[in-house]
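Just below is one structure, and these are the notes that go with it.
The letters A, B and C name the chains in turn, as written, and every chain counts its residues from 1.
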Amino acid sequence: MIWNTNLRWRLPVTCLLLQVALVVLFGVFVRYDLDADPHWIGRQGDENTTSDMENEFYYRYPTCTPPAPGLPCGVQGLLPQPLAKGAVAVAWATGRPLGLINADFCVGSVCVAFGAVLGKVSPVQLLIMTLFQVTLFSVNEFILLSLLEVKDAGGSMTIHTFGAYFGLTVTWILYRPSLHQSKERQSSVYHSDLFAMIGTLFLWMYWPSFNSAVSKHGDAQHRAAINTYCSLAACVLTSVALSSALHKKGKLDMVHIQNATLAGGVAVGTAAEMMLMPYGSLIVGFICGIVSTLGFVYLTPFLESRLRIQDTCGIHNLHGLPGIIGAIVGAVTASCASAKVYGIKGLANFFGFDGFKTSWDSSMQGKFQAAGLFVSLAIALVGGIIVGVILKLPFWGQPADENCFEDSVYWEMPEEPKSTALHPEDSTLKPAEP
Amino acid sequence: MIWNTNLRWRLPVTCLLLQVALVVLFGVFVRYDLDADPHWIGRQGDENTTSDMENEFYYRYPTCTPPAPGLPCGVQGLLPQPLAKGAVAVAWATGRPLGLINADFCVGSVCVAFGAVLGKVSPVQLLIMTLFQVTLFSVNEFILLSLLEVKDAGGSMTIHTFGAYFGLTVTWILYRPSLHQSKERQSSVYHSDLFAMIGTLFLWMYWPSFNSAVSKHGDAQHRAAINTYCSLAACVLTSVALSSALHKKGKLDMVHIQNATLAGGVAVGTAAEMMLMPYGSLIVGFICGIVSTLGFVYLTPFLESRLRIQDTCGIHNLHGLPGIIGAIVGAVTASCASAKVYGIKGLANFFGFDGFKTSWDSSMQGKFQAAGLFVSLAIALVGGIIVGVILKLPFWGQPADENCFEDSVYWEMPEEPKSTALHPEDSTLKPAEP
Amino acid sequence: MIWNTNLRWRLPVTCLLLQVALVVLFGVFVRYDLDADPHWIGRQGDENTTSDMENEFYYRYPTCTPPAPGLPCGVQGLLPQPLAKGAVAVAWATGRPLGLINADFCVGSVCVAFGAVLGKVSPVQLLIMTLFQVTLFSVNEFILLSLLEVKDAGGSMTIHTFGAYFGLTVTWILYRPSLHQSKERQSSVYHSDLFAMIGTLFLWMYWPSFNSAVSKHGDAQHRAAINTYCSLAACVLTSVALSSALHKKGKLDMVHIQNATLAGGVAVGTAAEMMLMPYGSLIVGFICGIVSTLGFVYLTPFLESRLRIQDTCGIHNLHGLPGIIGAIVGAVTASCASAKVYGIKGLANFFGFDGFKTSWDSSMQGKFQAAGLFVSLAIALVGGIIVGVILKLPFWGQPADENCFEDSVYWEMPEEPKSTALHPEDSTLKPAEP
């Protein structure tokens, strides 16, 4: 018997067949349950018990764990927390009270940007960068949510697109021509497999709760969780299929699986609370899995060699591109909103359209959503250039090229003992057993 | 002073004394609080405020984190997610809307079965196996919950018994006679201590929320969490006692502690939402800790050498046997249900017995519970044989014996750098400090 | 260009400037939102919908994950669980029903004490110590909460102060003069970087839910989460600043960051549910970050060399001192309570003062809070001495000095294979690829 373990065609084809079957099944059969539908008026349909809190969602599903967005940055993910609180303070100062969840979304955006520069900047630079980004995040969020009245529950625009392109612009300004030599060390130090895998699993688990955290109570929160979940599921199949198809022996690449599997959650962010439909979410996840995996294989090397953008953790593929996809999906979904789908009451309640505001229509909402994307990109690019130039000033303790990706430059490291930590029985100081 | 660190008798005796004291104390003194009792009619007992959502449970306890069941399988735990969504779709197609939590329970069942075959099959085989198992899981669940009207909140039968015996049957069909030689590698690769420990702690923490996730609102969900918690606690003491007693120097075995401590959660699955009583849960955990630890020490080697069942992760001890115990405990507890214990309203509400359906009685419910166990076992065995034969077909990319438990066959691995990832300061490329 | 990566003054100054700006901004602008204010009477202010469950908190924030306190102790954190259940049983026996959350708080206290003795005692000693500590914890909690009617939602006194000084007294009695030689092994074995980092991140995330878990429903729970969050955020900045300032090259110490960043959560425990105000929480976190980091640098070595207290994990800095600070902050905050701040109804509701109990006033509450601290310390010291003496008895299997911090004394370890677990492709048994 010949053992042929090259899965280059078998694995992708199996995945794609399953994917197509899934979309067809969902498209033909699956609709939102009553609890996740804008026509929702309480479980029993009884006036006396009408309450969003009676929604099945609150009996069964977890709620958002605020600081989780900082998880993949490790301990450095704690740094932006105090400054994001400052943004909350300033928001109060200007008469627009914000909750702590907004601060967490801000932390998420900062951690995304960190992913582009980690290992190449000093802790002081991280703090300065955070200070500016928190300010810009708040300005951008204010323009989008309050002036343009854009919907962006999962933050495809405010968190991911803004964070990613801000970080990429900063790292473009901080370009180090001779850094590509240490690429090998970069991947081994910063992609510690075990930690990244735990991070991926937890983000995967909590993403539905992120995307539903600031939605309107009741059916909108419920729907946001369902849509996110469907998109993430589709993204897994696509990433596995493409990762295998792009390797000459059909092997899977851990970096693709760890990152591209999450891209579906980003791409469904804006539209998650809308009537995207479960099969729509599957299609979004499918497209995003393709784009994200292709990005890791072809775009990241191109950005580094031609555009001089050194993207440490590949945030362009996990946050940049999926964020833009998410914004576009949101604009399209919003421009398709109708009283037929949401119900008249549901439409008014969801889009803040109260029946008297006759000027509102869905195509206008769609255009404003699109405008939100361009505003986010503009603020990210202009802000990133300014902050990058500031960070180039020579007194922030930036590391030399040889010290990049060396934790020991800024961290006191213990002397490595002769014995390994996990197997202390090999210690040279062998105990005499009684 | 002589330092005698052999705890072979001292540790087990201490544990057992504490265990007995615990059961006696609970048996004599502890009863369910109002919030976890079927007589529950709202906190103030006031008609106007009667609401399950007012139950203390929702103010204090966490709710289920859907995809957590996949945690111990690592990134491979994400694979069944899309296919389980497909089962949801098919369920909708046949007019029985299912929620996403059901899909997660299905994922849990698939991940249990994965535990028997991990390291010996290709990703394509995992996908094919998932496709069939998802179908069989749905059929089995439909027969149990809809036709037999069995109660199985924590899935002792539908998730654990079915998943474990399905997986064991598949690995029995896929038997590899010359694989036992690589046993050492198997344990070192697949039981990476740190990751397994984190997995155990998180599963331990979330198990009460799994077992209560699909129970009826209010007191039933509250009771399910309490019972699961008590059973898990008892299981810890028993596993520690027995693990030490079975080692010639009284040492603890990490594999027993990591696995047997969780078995109590499986064994209390079916009966968790019933009036099992806290001391009853302790006794279930106690029995299950013994059975599971003995299984690891004596049964797994026997299964491998005599029955040709190669159980990679020992799922028979964590899911198979505890699942059967759970089904039996559920049948016995159900057959003891009475209006005295549940209240007339509570009994009708809990078992769906509405006071007019005169044919229902508790002994009949008990018999149907027992029937549910046999149906689950039958579907698992027959299905496992069929799927095993399909997986033996030579074009699924199955690895040769020498490649089993080698991640590098299907995963692109980075070249290992000279320096270790955790201590980059030892790198040969030593930076010149300024 | 000269690359000066010594951040000794730049990093601390940046952090402190940000810290001051944060406190000023919060002090001038930020007040509690309606949902976190004791004047809270339901979202719409409408009598018909008045319900604590309508509080925004329950729609957005996570609830406590019971056994999480045991996380940093690893698998050993599961050991106290069954015994803490025993305390619940005894509490029921004496007519004071306790919930499982109390049992978890008890587990937290035991795990704190474990931190002082880990690696120097046998599993039997841990069980005996747990048995006594659970009893003493219940007695102390009964005196504080039921007799003195002290408020201690986050357990600064009952969990942290009591647990830490109990553990420190036990380790003082168990002093081993020749143990300081193995200090190097201690730090490498017990501070496994990766695991500690994951532990820190999860505790940081869940601390707001711990501190709010047993508060009164509605605004008090909401406020407890906000205050804890602010204190933790301030603590991060201070720890980073001081850790850098105390190193001769301005480097950060991982031990400080992993521990001192959490101290803010301990120090705000008692007062978290009170009207501490967000800026008050920032100040508490600021002070506590300083005290905790200084403790690691100067106090722990002093305790070991002069007072013969060998504090394995530095619990004095993370739980002992912050616990005392928390108790003092709580006493001061309580003695400042007034009808103006809480509202007349809010004051009566929060402090259990019903308007008729004319003898209650805030200064008396403050004095009782202070008394609670001294009771906790007294029970911890006296109890610790007695338990320490009992643990010195020669038949509990205590390890010899040479065996301390050696897991292999009590745990069966697998033979270490030639190949490393993470890179199985280097195995000597190289597979022949087809």
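Keep this in mind: a residue touches a chain if its C-beta (ideal position, glycine included) is under 8 Å from a C-beta of that chain, and two chains touch if they have at least 3 such contacts.
All of these numbers come straight from a predicted model, not from anything done at the bench.
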Copies subunit A and subunit B touch via same or different residues, half shared test: different
Degree value of the rotation bringing subunit B onto subunit C, based on Cα positions, nearest 5: 120
Centre-to-centre distance between subunit B and subunit A (centres being mean Cα positions), rounded to whole Å: 31
Of all residues in subunit A, the ones touching two or more other chains: 2-5, 51, 53, 58, 62-63, 192, 194, 198, 400, 403, 409, 413, 416, 422, 434
Subunit A residues touching subunit C - in the complex, by the definition given at the top: 2-5, 51-53, 58, 62-68, 70-71, 74-75, 77-79, 81-83, 85-86, 88-90, 92-93, 97, 99-101, 122-124, 127-128, 131, 192-195, 198, 213-214, 217, 221, 394-400, 403, 409-417, 419, 421-427, 429, 431-432, 434
Residues on subunit B engaged by subunit C in the complex (per definition of touch): 1-7, 10-11, 14-15, 18-19, 21-22, 25-26, 28-31, 33, 49, 53-54, 56, 58-63, 182, 184-185, 187-189, 191-192, 194, 197-198, 200-201, 204-206, 208, 225-226, 229-230, 232-234, 236-237, 240, 244, 247, 251-254, 257-258, 261, 282, 400, 402-403, 405-409, 413, 416, 422, 433-434
